[in-house]
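Order of writing sets the labels: A, B and C. Residues in every chain begin at 1.
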Amino acid sequence: MAAATDINPFVNPPAGDNAFARITDNISRIAEVDKPPRAWYIAFAAALGLLSLFLVSVGYLFWEGIGIYGNMMPVAWGFPIVNFVFWIGIGHAGTLISAILFLLRQGWRTAINRFAEAMTIFAVICAGIFPGIHIGRPWLPYYMMPIPNQMEMWPQFRSPLEWDIFAVSTYATISIVFWYMGMIPDFATFRDRATTFWRRLAYGIVAMGWRGSSRQWHRYERAYLLLAALATPLVLSVHSVVSFDFATSQIPGWHTTIFPPYFVAGAIFGGFAMVVTLAVPARQFFGLKRIITIKHLELMNKVLIATGLLVGYAYGMEFFVAWYSGNEYEVFTFVNRAFGPYAWAYWTMITCNVVSPQLHWFKSVRTSPLATLLIGMVINVGMWFERFVIICTSLARDFLPSSWGYYIPTMWDFMTLAGSFGLFFTLFLLFCRYLPMVAMAEVKAFHPAAHAHAEHH
Amino acid sequence: MSHDEKTPETPGPAALHGLLAEYDTPAGILAASQKIRDAGYSRWDTFTPFPVHGIDKAMGIKMTVLPWIVLGAGLSGLATAIALQWYTNTFDYKWLISGKPFFSIPANVPIMFELTVLFAGITALVAMLVLNNLPLPSHPLDFVRRFARSTDDRFFLLIEAADPKFDEESTKALLEGTHPAAVETVKEDNVTSNKLPKVLIYGVVILTVIATVPFALAAKARHATSKQTRIHAVLDMDAQPKYKAQRRNPVYADGRSTRLPDPDTVAVGDLREDSHFYRGKMNGGWARTFPPQVRLEDATMKRGQERFGIYCQPCHGVGGEGNGMVAKRAEELQQGTWVPPTNLTQDYLRQMAVGELFNTITNGIRNMPAYGPQITTEDRWAIIMYLRALQRGHASKTAGLPPATGGTN
Amino acid sequence: MATAKKTSKGKGGGSDRKDEAPSSAEPKKSPKAKVDDAALQTLVPGVSDNIRLGGEGSALFVKAAGIAVVSLGIAAAMGASQGDDFRRFSHSYLVAFAVGLAISAGFLYWVTLQHLVNSHWSVVLRRIAEVFAANAPVLAVLSLPIVLPVLGGQALIYDWADHAKVEADHLLHHKAPYLNPTFFAIRMIFYFGFWTLLSRFFLKGSLRLDETGGAEIIPSMRRVAGPAMIVWALTLTFCAVDLLMSVDAHWFSTIFGVYFFASCVLCVHAMLTLTVLWLQGKGRLVKSVTVEHFHDVGKMLFAFTVFWAYVGFSQFMLIWYANVPEETAWFKERFAHGWADVSWALLFGHFVFPFFGMLSRHIKRNRKTLAFFAVWMLAMVYLDMYWLVMPNVLENPEFALMDVFNVLGIVSALIAAAAQRAKSINLLPTKDPRLARSLAFENI
C-alpha cells in the first residue's frame, strides 16, 4: 500500500471499494503520508514557540521563586490556580464524549471521540503542571503522596487539596487507559498497513498483537462499557473535587453548595468549546470533512447551548440565594463582582458564557464552521474569566475591608498561561501526526453497512 | 508482522493449523458463524475489523467474567482508601485539623470514590488483556497475506485443525457452503521461535535487579547511621551562616549560642540614636514636629490611612471617634470591665504633641496594647499624619471649606 | 425458526438475552383481564398489541379516586384529632404533596427531555408519561391545603406566612419581599399554570399526531422543548425553594433545586416501571414494552440514585466542612433526638443498598427485581421528603398512619386523574415516526 501523497479527500479520494476500506484509508493515511499538510507545520512551529516560552517561564520560576508571579495577599491564589481549573475543565469534554455519549448510545460520537480523548489527556497534563509549580518548593511534590518518609508524616486527607491529587491522578490514569484501550484496534490497523520495519515494530508493540478476534472483541467491549460506566461518575467527581477546593472554605462567593454540579457543567461547557475549536481546523486540514460532518458540529453546538444554560442557571441561583440568605457578605460579593474593580472581568465572563452561546439557537450559526470556531474560542475565553472572577474577586474583597487589595498579574503569569497552550498544542499536533486521529473501528461499527441482520430473524 | 515478508522457510511441509474463510460483509460472517456454531465446532474464531453486532450470539460466546473481576477490584480500591485514610490520619499520626474528627467520613468519601474507580479502571484494561491472551506477538495467521485485511474491511473465520470435529475435506466443504469470498489453508508457524528472545529475558532480569538497588540503598540508609551529611541538592537557604538556638558557638567559652546580650553592647541596627524618629522625643520633651525622615506627602498619607484602617479603626472607629466595631460589640456585651477607646478627635488630643502620640502607639496606654512590635516606625508616623488629618477634618466647620465641597468659603 | 431463547416480546436482532428465564419474561395475566383481541392494533408490520385501556381505565379511576378521597379524609380527621390546629397534619400533607409534585413535575421534565433530544428508544413510553405529566391542574387543587393557610396568614408550616413573626425576626423581615403570602400565591399560580400549559401542549400534540400523523408535529414539539426546559428548570427550582426550603426560612442552599430534581427523575422512572408492569398485567402493551426498555429505565433509576447521592453529599459535606452555624443548624436538627437514625437510614436506604442492588444488569432486566427497586426508591423519596420537612414540627421522628393516608391519598389522586385521561386514548403514540425503532430497540 503506497502512501497517499495528498490527504485531501476532495482532491485524492480515499482508496477502497467499500465504506470500511475508505474509512481506513481516509484516516490512516494522515499518519502515513510523508509530509503532513502545510498547516500542520505552521501550527507546530507556533506551538513549539509557545512551548519554549513555557519552558523558559517555568525555568525562571524554579530559579527565582514564586515572587515573580503577582500572587500577593489578599489574593494569594492567582493565575496558577485559575489555569489549573481552566485546563482540567477543558479535559472534561473528552471524557464526556467518550464515556457519557457512549452510555447514551450516541453514534455520532465516534467521529470525534478519539481526538477529544487525546485533548483530555493533554489538557490534564497541562493542568497538573500548575499545582506542581505554584507551591514554592516544586522539588517536594511527593509530600502530597502517602509515601512513608523519614519525618513519619502523612498527607492531610481531610483537605480538598489532597482529594485533588487523588482525583486528578485517577482522572489522568483512567483517561489514558480508556484512550489507549480504544486505540488498540486502530494501532493494529496501522501495523498491518505499515511499510517500514520501524513503523511495524512501533505500532505492533502498542497494538499488543491484536488481530480482531470476536472472542477478544467480546471482552474488549465489556471492558469498554465498564470503563465508560466508571469514567462517567469519575468525570463528575473530578471537577466536583476541584470545586471543593473553594466550596469547603467560608469565603463568600466560594462557599456555596451548588459548586460541584456548577463546576462540572462549566467544565463540560468549556471542554466542548475547545473540542469544536480543534474540530473545525482538524477536519479542514486533515481531510476529515466527510467523517466530522456539519451535523457533528451542530450537535456539539447544541451541547454548548445546554451546558451554557446550566452554567447560567448556576449563576442565577448563586445570585438569588446570596440575596435570600440575608448574609451581607454574600450580597456584597455579588454586587462587587458586577460593579466593583473587577467588573470588566465579570461582564466579559457574562458576555462570553451566557450571551454568546445563545447565538447557536439559530440554525445558520450552528451549522457554520467559522461561527462554530469563533464562538468556541469566545467561550474558552469566557470560561477562563469565570475562574478568574470566582477566585480573584472573592479573595480581593472578603470580610474585612482593611484587608482588601487588588491583584495585578505579572508578565510571567501571562507567559506561563500562553506557554501552557504551547504544550497543549504541541502534544495535540504530534498526536494528529502519529496516532490514529479518529476511532476507525468505532466509526466502522456505527456505519450503516455494519448493521446487517442475519436472514434467520 | 508484515504479511509480505514472512514466509515459512523450513524445509518440509508445516503442519496444518486450520482453514480460513474470508467474507466481505458482516451479514456473511454472521450467517457463517451460525452454521459453524450449529455444526458443533469448538476451536474456531472469527476476526473482524470492528465488533460485529450480533456475532456474540451467532458464535455462542458466553458472557465474560470480566465485570466481576472489575467489581472485585473496585471494592478492594474502596477498602484500600478507607484503610489508608484511617491508618494515616487516625492511627499512625493523629492530628487535629480545624476540629474535625480524626476519622472524618465525609472528608474521606472523595478519595474512597477515586480509588474505587482507579483500581476498577486499571483492572478493566489489564484483565481484558490477560483474558484475551494479549500481548500475542505471533500467530500462524500472520503468514496469510490476505489476513492483513482483517483490520481493514474484511471478515475472517478460522477453524483450527485441533478441533475434534475437524476434517480437512468436510470442514472445507462446510465453509464453502457459507459462500465465502475465499477459503485458504493456514499452516502452523514453525519459523518464529516459541521462546522469548534472550535479549528480552536478560534485559528484564538485569533491569529488575538494577531496580531493586535504590530500594536497597534506601533501606540501608534508614537503618544505618552515617557521619556524612546527607545529600542536599536544593539548598534553598537551608544552610545559613548564622547561629541557631541549639547550635555550638565557638566564639564563647561555654559554646552556647543562646545567651543574653553582652553588657554595654547593642545589636547592629538597634542603637536607634535618633530619638526624634524612634521615640518621638526632642530636647528632653515630646517632639512637636515630624522627623525629617518622614516625607509629608500624599503617599505617606495614603499609607497612614491604610494602616490606620488595619490597626486603629477596629477600636477607635473609622473617624477616630472611639466607636469602632470592637467598641460597639463590647458595649453590647456589657461585661462591665470594658474601658472605651479614646475619642481621638478630642481637643486635648489635637493639642497633644506628635511625639507623645507616637509614644502611645509604640508603648500602649491603659488597655491599649503596645503596637510598636506590630507596626514599623515609618508606618507609625504615617498613621499619626493621617490621624492629624482626621482630627482636622473633625474640627473643621463648613465655613472654612472651599465652595466645591459644600463650604461657604 | 425460533431459537430456544426467543421470547414473545417485541422484534429484536441478535441480542444476548440469555439472562432471563422465560418464565419471568412472560407477563402475568391476571385471571380477570381478558385480552380483547379486537383491541389489538397493528403498530408496525409484524407487531400488534393491545394499546387501549378502555374499561380497565374507568375501573382504575373509580378505585383510585375513591381511595384518594377516603384516605385524605381519614388523614384530615387524624390531623384534627392531634389538637395542634392541623400543624402536624399540614407538614405530613406537605411531605406527601412533595412526592406528588416530584412525580408530576418529573414526568413533565421527562417528556420535554425526550422531545428535546429526539430520543428513539423511549417512544413507547412517552404517552404514559404525557398522561401523568398532565396532572398539573390536579396538583394545583391538591396544593390548596398548603397555599390557602399561607394566604390566610397562618403559620401552620411557614413562619414567614405570619406577619407578626416576620416583624419579629430580622432574617424573615429581610426575605419578606420574596417570602410573603401574596407573591407566594402568584408564583404558585405561575408554576402550575406553566406546567399545565406545557403538559397540555405535549399531550394534545401527541394525540393529534395519532390522528393525523402530521410530519410537522414532532419538530414543532422539539422546538418548544428547548425554551420549555429552561422555564421548567426555573419553575421547579423555585417551587422546591418555596415549598420545601422555606420551611426553615433561615436556611439556604444553592443546590436545593438540583437536589429536588434528582428526586423528580427517580420518581419518574419508578412510576414508569410500575405503571407499565401494571398495564402489562392487564394485558396491555405486552409486546411493545420489552425487557430492553425496562433495562434502560432501570439504568436511569440506578444512575439517578447515584446522582441523588452525589447532590446530597455535596450539600451535606460542604456545609459540614465549613461548619458555619447559620447553615449547620439545619443539619444539626436532623441529627438530634432520633432524627440521626432517619439520616442514616436515608444514606443506606436511598444510596448504599439500591446502588449495590441495581448494579447488575440482571437485576435491571428482571421485571420482578426492577419492580422491587421501583417501589423501594419511591419509598426512599418519601423518606427523603419526610426528613426534609418533618423536623420542623416533630422533635423525634414519628411515623403515623396519618402520613400513610396522606401519601396514599395524593398518589391515588394522581393515578385516578391519569387513568381517567388514559382510558380512551392510545397507550402509545401510534404514528410517531420513531415508533418502529422504539419497538425494535435493543440495549447494549
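Just so it is clear, a contact is a pair of C-beta atoms (placed from the backbone, for glycine too) under 8 Å apart; a residue touches a chain by one contact, two chains touch by 3 or more.
Quantities reported herein were computed from a predicted structural model and do not represent experimental measurements.
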By mean Cα position, the chain sitting nearest the middle: A
Interface ranked first by C-beta contact pairs: A-B
Centroid-based (C-alpha) most distant chain relative to chain B: C
Distance from the mean Cα position of chain C to that of chain B, given in whole angstrom: 41
Chain centre separation (chain A, chain C; CA means) in Å: 36
Chain A and chain B: spacing of chain centres that average the CA atoms, whole Å: 18
Chain A residues counted as touching two or more neighbouring chains: 233, 237, 240, 244, 453-454, 456
Chain B, residues touching no fewer than two other chains: 30, 53-56, 58, 63, 100, 107
Residue numbers of chain C (touch at least two other chains): 13-14, 317, 321
Chain C-touching residues of chain B, taken from the complex the two chains share: 30, 53-58, 62-63, 71, 98-100, 106-107, 109
Residue ranges of chain C touching chain B (in the complex, touch as defined): 13-16, 18-19, 313, 316-317, 320-321, 323, 359
Complex contact set, residues of chain B against chain A: 1-3, 24-27, 30-31, 33-34, 45-56, 58-59, 61, 63-64, 66-67, 70, 74, 84-85, 88-89, 92-93, 95, 97, 100, 104, 107-108, 110-111, 113-115, 117-118, 120-122, 124-125, 127-129, 131-132, 134-139, 141, 147-153, 222, 233-234, 236, 306, 309-310, 313
Residues on chain A engaged by chain B in the complex (per definition of touch): 16, 18, 20-21, 24, 137, 139, 146, 150, 152-160, 162-163, 166-167, 169-170, 173-174, 177-178, 180-181, 185, 188-189, 191-195, 200, 204-205, 208-223, 226-227, 230-231, 233-234, 237, 240-241, 244, 401-403, 440-442, 444-445, 449-456
Contact set on chain A toward chain C in their complex: 105, 225, 233, 236-237, 240, 244, 247-250, 255-261, 305, 309, 313-314, 316-318, 321, 324-327, 361, 453-454, 456-457
